[in-house]
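Please read the structure below before turning to the comments.
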Amino acid sequence: MNDENLRKIQAITEAALLAAGKPMSLEQLRELFDEGERPARQVMEHVLALLEAACEGRGFELKKVASGYRLQVREEYAPWVARLFEEKPQRYSRALLETLALIAYRQPITRGEIEDIRGVTVSSNIIRTLLEREWVRVVGHRDVPGRPAMYATTRQFLDYFNLSDLDQLPPLSEVRDLEEIGREIEKNMQAEIEFDASAGDEGEGAGEPASDTDSNQTLH
Amino acid sequence: MNDENLRKIQAITEAALLAAGKPMSLEQLRELFDEGERPARQVMEHVLALLEAACEGRGFELKKVASGYRLQVREEYAPWVARLFEEKPQRYSRALLETLALIAYRQPITRGEIEDIRGVTVSSNIIRTLLEREWVRVVGHRDVPGRPAMYATTRQFLDYFNLSDLDQLPPLSEVRDLEEIGREIEKNMQAEIEFDASAGDEGEGAGEPASDTDSNQTLH
Amino acid sequence: MTEDTVSTSQAETAEDAPTSAGSQVPLALVSGKPVVDLPRDLYIPPDALAVFLEAFEGPLDLLLYLIRRQNMNILDIDVSEITRQYMDYIGAVEAMRFELAAEYLVMAATLAEIKSRMLLPRQESEDDEEVDPRAELIRRLQQYERFKQAAEDLDSLPRLERENFVGSAALPKLPSSQPHPDVELSELLLALQGVLKRADLFTSHHVERERLSTRERMSSILATLQGDRFVNFESLFTPEEGRLGVVVSFLATLELVKEQLIEVVQGEVLGPIHVRARASS
């Protein structure tokens, strides 16, 4: 068996393992070849050793597992490869955004106070999500029965929204004015377009109807 | 950007392409990296060139298709690799291929226009199959009565046929324009009349292409 | 290896088949006369008629086939001969009572019309350039042949699952990652606007205009007042922030007192002032 022949068997083996995307036994690999050209077991083993060496320094490696040999992405590259499989994040609910906005504008504020203004209960999930994202934190407890936690926004919240401090949020009077909001959004979008042509694809959908239960409001 | 860094980006790129098992665009590849370490476009292009070279002599190659880059088994090893798959590769009917060819070369095109050229109705099944395979899509409606859908091919179509661009389709055979055809016919009929009024009944062997050299005749 | 998977089309199969009908039993009666043999020059045996409609992609395809059999050039078709063969074909198929697609009959009519027009003396006209009655048919045949060829070219391109296989490798253990949704500031403001509009319905609530920096400072002061301990009032101020910063801190402290969130204690007149969170007591 000359070198050229070995190289060809090695390339075919690599090709087959990549096309199969699953483990193949030594026998299965040998059966890719016509009887007349089928490499002996020892030759096949030798070729697999050659292939293993040839994957040195590459993105993948040859692994022997129970059902045979397979090519596998090297574990050291898992952090990058994992990004391929990140699920597209869900959008936040209207309820969450309202809660966040109230914490930003009315901090420190308790859950009960948020509920009073929103007219509906605030789910624990929303609070937990905001805490996990480190956009809000508990800054104390109000001295009333039950000692409810008071929430405030964090530095990470400001960083995320590109604010240096809360004063950079538009004043409430402007927030009440729909046209003002429209202008604001337009301005933001203009800025996005200027700085990042691709950003324009997102962010316009904010006006979607609230998906959760807060449409049936009850008076307290 | 030093060599070690480039090698790492190259290995990550290879790992990601093998993990994805489908084409990835330059941008998608760059987005595997955190902003801080994200390679510039030129660097990424350089890395892809390095990767392409590194696949020399192996079982697979880097291929650029319409939706990006993919690692694929070298065609020369397809005969061995095909044995992995029990099922024979799918064959497509002439009707489907002709419809697909018309959409590919004449896009955007309506079903009626396809039928005009093929001289037969196009079955809904064919259109549905093409849409389901995501080889074609509706790109609009022609502004005529009934507003028929106009079809065009997709990137997946190009990917499937190993093309990066519609320009890479085999060129259409030439067609002589109608005026030219008209002249040819005149010429031929003239010849028929002159030489043998009854030639039309036999006709065998009359297939010599009319050459342009004997075009001393003018239309009436 | 791949070549033998590419089988010939049915039309070609028919072409290769024996030419003799091989039967003396009348196939059918056509116009009262028994049809014993299939028409001359037809290379489709009777049993192949069953696949006739599938074998050809319509009348243009059949015409091209007939033209090729005669070694004719498309530009130079002998309409009478082709029409005769075409009609024989149609007749045979109809005689076998196979359902014939309407397109074939339309083409038969078209051919008959062309043939009759070609028999008429040619009329010369001053204004109209005379159009050969075959021209439109030739144009269509040429056009169809182009795309028939293009379809064959397409079919012979290397393609996935036949000549090309995308490489994939097994995955190592991947770190789990939980992506966060993105939020635009404008979304946040719209949400707030929505809630304020609703809140307006509940007249008991008024969210008044306020310096947000004061509320922010209230939060941070509260955050430093964790636990039960008293904190020196002066430590709430950061002189490096300048006059404005000190004023904000002071306003925040007053607001906290007003909202009864902190208590302020002074042990003696002009003595040190201490504050602590009320809830912590």
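As written, the chain order gives the labels A, B and C, with residue 1 at the start of each chain.
As a convention for this text, a contact is a pair of C-beta atoms (placed from the backbone, for glycine too) under 8 Å apart; a residue touches a chain by one contact, two chains touch by 3 or more.
None of these values were measured; they are calculated from a predicted model.
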Report task. If we define chain centres by averaging CA atoms, which chain lands farthest from chain C? Would you check? Result -> A
**Report entry** Chain occupying the most central position, where position means C-alpha average
**Finding:** C
Query raised in the report: What is the distance, in whole Å, between the centres of chain A and chain B, each centre taken as the mean of its C-alpha atoms?
Result: 35
**Report entry** Whole-Å gap separating chain B and chain C, where each centre is the average of the chain's CA atoms
**Finding:** 16
**Report entry** CA centroid of chain A to CA centroid of chain C, Å
**Finding:** 26
Report task. Could you tell me which residues belong to chain A and also touch two or more other chains? Result -> 15, 18-19, 21, 60, 71, 73-74, 77, 81, 83
**Report entry** Touching two or more other chains - residue numbers and ranges from chain C
**Finding:** 165-169, 171
**Report entry** Contact set on chain C toward chain A in their complex
**Finding:** 165-177, 179-199, 202, 205, 207-213, 215-216, 218-220, 222-223, 225-226, 260-261, 277-281
Query raised in the report: Inside the complex, what are the residues of chain A that reach chain C?
Result: 15, 18-19, 21-23, 60, 63, 70-75, 77-79, 81-83, 85-92, 94, 97-98, 100-102, 104-108, 116-119, 133, 137, 139-143, 147, 150, 152-153, 160-162, 165-167, 169-173, 175-176, 178, 181, 184-185, 188, 202-203, 206-207, 210, 217, 219-220
Report task. Flag every residue of chain B that touches chain A in the complex, lowest number first. Result -> 7, 10-21, 31-33, 54, 57-60, 71, 73-74, 77, 80-81, 83-84
Query - chain B partner contacts - residues on chain C that touch it in the complex - result: 1-2, 5, 7, 9, 57-61, 70-73, 75-76, 78-81, 101, 103, 107, 124, 129-132, 134-135, 138-140, 142-155, 157-169, 171
